[in-house]
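A short write-up of the structure that comes next.
Labels for the chains are A, B, C and D, by order of writing; each one numbers its residues from 1.
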Amino acid sequence: MSKKKICVVVGSRANYSSIKSAMRAIKEHPALELQLIVTASAVLDRYGSVVNLIEKDGFTPHARVTMLIEGETPATMAKSTGLGLIELPTLFEQLAPDVVLTVGDRFETMATTLAAAYMNIPVAHTMGGEVSGTIDESIRHAVTKFAHIHFPASPGARDRIVKLGELPQHVHLVGCPRIDLVAEILQNCSTGISEQLFDIGVGERFPVDEPFVLISQHPVTTEYGSGEAQITMTLEAVREQGLAAIVLWPNADAGSDDISRGIRKWRERKLDDRMHFFKNLPIDIYVNLMRATACLIGNSSSGIREGAYIGTPVVNIGTRQNMRDRGENVIEVPYDKKQISDAIARQVKHGHYAMNPLYGDGSAGRKIADVLATEEVDVQKCITY
Amino acid sequence: MSKKKICVVVGSRANYSSIKSAMRAIKEHPALELQLIVTASAVLDRYGSVVNLIEKDGFTPHARVTMLIEGETPATMAKSTGLGLIELPTLFEQLAPDVVLTVGDRFETMATTLAAAYMNIPVAHTMGGEVSGTIDESIRHAVTKFAHIHFPASPGARDRIVKLGELPQHVHLVGCPRIDLVAEILQNCSTGISEQLFDIGVGERFPVDEPFVLISQHPVTTEYGSGEAQITMTLEAVREQGLAAIVLWPNADAGSDDISRGIRKWRERKLDDRMHFFKNLPIDIYVNLMRATACLIGNSSSGIREGAYIGTPVVNIGTRQNMRDRGENVIEVPYDKKQISDAIARQVKHGHYAMNPLYGDGSAGRKIADVLATEEVDVQKCITY
Amino acid sequence: MSKKKICVVVGSRANYSSIKSAMRAIKEHPALELQLIVTASAVLDRYGSVVNLIEKDGFTPHARVTMLIEGETPATMAKSTGLGLIELPTLFEQLAPDVVLTVGDRFETMATTLAAAYMNIPVAHTMGGEVSGTIDESIRHAVTKFAHIHFPASPGARDRIVKLGELPQHVHLVGCPRIDLVAEILQNCSTGISEQLFDIGVGERFPVDEPFVLISQHPVTTEYGSGEAQITMTLEAVREQGLAAIVLWPNADAGSDDISRGIRKWRERKLDDRMHFFKNLPIDIYVNLMRATACLIGNSSSGIREGAYIGTPVVNIGTRQNMRDRGENVIEVPYDKKQISDAIARQVKHGHYAMNPLYGDGSAGRKIADVLATEEVDVQKCITY
Amino acid sequence: MSKKKICVVVGSRANYSSIKSAMRAIKEHPALELQLIVTASAVLDRYGSVVNLIEKDGFTPHARVTMLIEGETPATMAKSTGLGLIELPTLFEQLAPDVVLTVGDRFETMATTLAAAYMNIPVAHTMGGEVSGTIDESIRHAVTKFAHIHFPASPGARDRIVKLGELPQHVHLVGCPRIDLVAEILQNCSTGISEQLFDIGVGERFPVDEPFVLISQHPVTTEYGSGEAQITMTLEAVREQGLAAIVLWPNADAGSDDISRGIRKWRERKLDDRMHFFKNLPIDIYVNLMRATACLIGNSSSGIREGAYIGTPVVNIGTRQNMRDRGENVIEVPYDKKQISDAIARQVKHGHYAMNPLYGDGSAGRKIADVLATEEVDVQKCITY
């Protein structure tokens, strides 16, 4: 019997982490064949050539598609989606997949979904049904309305997908595949971070046994133009608390130039004497940092998702993760230096939280592969009400 | 005070009929300025150069954008959407609209919506919340998930939009703007059709005072490849009933070549002795035909929508209008020659139905303009549950 | 030793005929591997699905790329080229060819050439150095300025390529590969045409043993909008001479809609009582028609090229083949009904011409493969003066 | 009488400097109307938002078109050209220019040229006929084969254009419009550079009255991947000579990431104690630096062109300016540290050269406008031999 062909389109480092365990499970499943297209920031040097990492992990891309139009403005995000929509159909015709598996809520997810759905290829979607800020909120739910098989990560997300009029029998609560990686890393790695960490990245070193915070702040597309002020406020709050910090550069997205400018100016003003800066941290180091940090600050989804499983204290700033289901490890604050600063102090004092399986227990990838191997869908969708 | 700029993107003849009364109302509204982009099949000779008609109606396009990639396959529909997504952002930057108003559920609607939403321009959407077959079903609901202001045409559609998690205060039941045109035409025109009708189109003439049927059948994108058999069955059923017929060529969509081939072969087999064939019938003639016909046959939405207002007897075939709210004037049949033939006989016998305002009472355009003039929205959307 | 990979991009029926014998020779050459991409009108139903013919001939396309944007205006020709330029690089990265072989002077030729040259892949070009009307004139010479290996079809063309500043050692006079097919067909086929011819195409039949003319007239891109008048004049001249005619529909190009409209109106005016109309005639039938016809009329390059080898009397109208090297079998006339009519009369009276190897002797394909197997080029070009 | 509309497409900072004086002359000419589209790197923050500078200079862009696809590989250069070809036709239809004026030999030049030529809009081209390395060599001559009016900058270039088969009456030797700006700056500015220079850029300061070199080295597209080693060698040679240096970041082009990486690593190795680094230097400062520097090193065309007029001693490295007509102020060296180092020493010793009008005398812009105002061309081109 011929294997069912599952095509995954990976568009960024975060994308890859969110689907890697499912890719592995698909590749190893006797009834499935994995097809892979790598695109968007995942093929670019500037974002650390994730495609090379993917190949090192044993996956073979059918094609590498550059599709990011320079500018990182809302307009180029739309045009990049268009570029993806132009190229993916030709590649899908080459591959003739039985299912296209797409991840989350990025603009390349939209391109993948539209191309497949228009071509009458069933679409499977991970991480639908969640609630957040930015245009991702709309992309995610729109993708749900095109998708045929749903793999939500949390119970709240599952309920929302059903409310959106999707057939309950095609909505499978599997948890987030990123947690699979986290679980694996926590099993394999020693605790604590080492001095060698500072050999990569740029900026100052600080004693690794001292408490430090982790800053990961991304642009909010609907607040385009405010990024520089936002990151500066965070850096000031951390400085006020007198804590050492590890600072991550933002994702490629409309507005990331603003955040980057804020960080660069901070460094030029020489206010970074206890800060170290990283682009594209390997996930195992990142997970270890989340376990070791006194507090994760910013608006990264990892604080809420992986943070729940790891027990990381988190100060989540602003609207970007608005209404995402969260555990007790997260304190919410607005863009207000005083409130950010106070919340950091509280989290540092509280310390580590207990493990919470809100976003999965480490078996998402395997469950996804099992569903894909057996589920039959009607390519013609119909809302349930 | 500067006027609020409303940009309308028109992509097909059907699109134009569906938004024309709103365009006129926007143009005439003291607080609004109309901006216009014409694209997709509306700029093509092959589909009757709708753009020329638009100009004759007194509207001035800011740009004409060719975006249809030849092939009319599912893959080219995806690529055409991509092309639209590449060009529209540049034009939206030129125009800087306050709201983009988009129509219905076609692939150019998706391109317009994505471009505007990604660029943080509020999106207003007409004819959302309806239920139908084909990929349009998914496009329509996905557009709803991006749109900020909703103008559903029927009560059922309004309810569905709210269930999809949209804010009720931004959902305005206005009726369908096409009904505005229908109401106007019915007021202005004499009843009955004249011999001159046959001067356009191709094929045979028949006595205009005899009962005749109207055939309008379009491809179903999820049944790609079946179009030729489907139209042939319809033509056979009509021939069986011994009725004269007016046959319309299909819309530009994946699969329309199949339908066209079926019609061409029918003509080559010389089975069309009482049939006349039209491309791109002017809407006033079409409305008059709907009033005069003994029965409208096929899968056009006009039977269900305008048909309710006009009272046209309709035989609706197959899945394309699946679950669209409908009045008592419609009989549903599957692709089955016997059932199609019987349903035609019943409708011819029944004759005209009473008027039903299910899809509007003729004031949709004016209501849309009034809402657009005053409604304020938050560009950051959030699902209500 | 690994084989040298030669990638051919085929974009139309004419394209395919112009390169088929070289493709076969490459496929059979022990030192070469053939890679194939099929695109533009060659993948479309509307132009007879040349890709299916290509597969039937034993070639396997790596990808099929729809790239024609509807409209057939000069603007869509530019945009279609752009679409090709967006998709071809991804495919060239998949294939990693050692040489890209491109044909002639169409807009997809330009896309292929730019994609390869920008990517530092050596470009080989057939049919460069010729002189003609339309934008093809500029495309052809521009492609020469990007190409590394040149395969001109005639001595005049070879000389022109050298004058354009190309290195003489990379300019190989091989003849036109179309003549290879013609030679083969003339060897294999019986003379004369049969009644069965009329089973395909549309229109009237006429006795096959009577003299008939062959009409093949294409739009001139720089005379956009004049096509309808041009073809009508030709049809009138033929009617005036009282000759039966076989009429071919025009190529896909800016302006072909104009020519098509002219033909359709002629048919609607019922002036076609001795004319039969064809789309996409198989080349073997076409060659036989060229051998059998009393005169080929229009502006097709086949009259000048294949016509020289076959000895077909030709009346070439207008500027489209302007200055192409030609044999004594061609009479030149402007768009003037009287002159066209007189020239037809002269050619019909003259009858068949002697064979002239001006555009090749039937061995072009084999010579091309031999050069490609051994020629080394410097990817950095430099003009010779 | 209506003015003749001249549309200029500007795609980079260098592009703008090369056409600015002509744009001004067109704008001021009574018979001409200037139309402007800004695209490629000229609309990007990352390259200094040249579009803002253009607006400050009093020009109003009709549209801003992002068209650069991230990656800066040969493949993305091709795709970016494709993107330009998709968008420009829509804009040209909006503007309906009488002539499109395009500059030089970049990939956006190719897109502009193809879009205009395909659309039957006469193309005027500056800086054709020159000889250089990289793919620019092919682009430049290919553009010449599409262009209708030619504005070469040097006598050698004029002769080459005529040899390429262009009509001599449409080839106008006007000089390079960049020299117009240089002449103006030299008239207006004081000699010497000031301490304030170091307030922009990053890196070390050094005494401004000391001899310093200027380094401007760009990627060679046909040597993709070698950029890092090439710039490192140059930096080492300068260091060996013990000279202070001003270093410019490379242009956006395939391979510029390599050069940038080389510079960044040099700085991380702390070898830059007497070096200062600039992105996007205003042209007046740059011209002043060319007048003040002891030697310009690298492969920038400015050394050869503006250098001739200013009298700057130049060490030109490698193949990028291969065979460009040059004055006695230039010493050629290969990628060889010893030879680079020796040539620097010779130039520093020689000092300033006498002015040479090889690339123009400062009146190019005005001459271009005068020709455009009166020249009539046949849109159908034909090679002269």
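Please note the rule applied: a residue touches a chain if its C-beta (ideal position, glycine included) is under 8 Å from a C-beta of that chain, and two chains touch if they have at least 3 such contacts.
These are the chains along with the protein names UniProt gives them: A, B, C, D = UDP-N-acetylglucosamine 2-epimerase (Hydrolyzing).
Bear in mind that the values here come from a model prediction, so they are computed numbers and not experimental data.
The interface with the greater number of C-beta contacts, when A-C is set against C-D, is C-D. When every chain is reduced to the mean of its CA atoms, the largest separation from subunit D belongs to B.
Chain centres here are Cα means. That of subunit A falls 52 Å from that of subunit C. Distance between subunit C and subunit D, defined via averaged C-alpha coordinates, is recorded as 39 Å.
For subunit B, residues touching at least two other chains, in rising order: 66, 75-76, 79, 83, 86, 89-90, 93.
Interface residues of subunit A facing subunit D in the complex, by the touch rule stated above, are 43-46, 66-71, 73, 75-76, 79, 83, 257. The residues of subunit D lying in touch with subunit B in their complex are 62-66, 83, 86-87, 90-91, 93-94.
Interface residues of subunit C facing subunit D in the complex, by the touch rule stated above, are 74-79, 81-86, 88-90, 92-93, 107, 110-111, 114-115, 117-120, 131, 133-135, 137-138, 141-146, 160, 163-165, 221-222, 224, 254, 319, 322-323, 379-383, 385.
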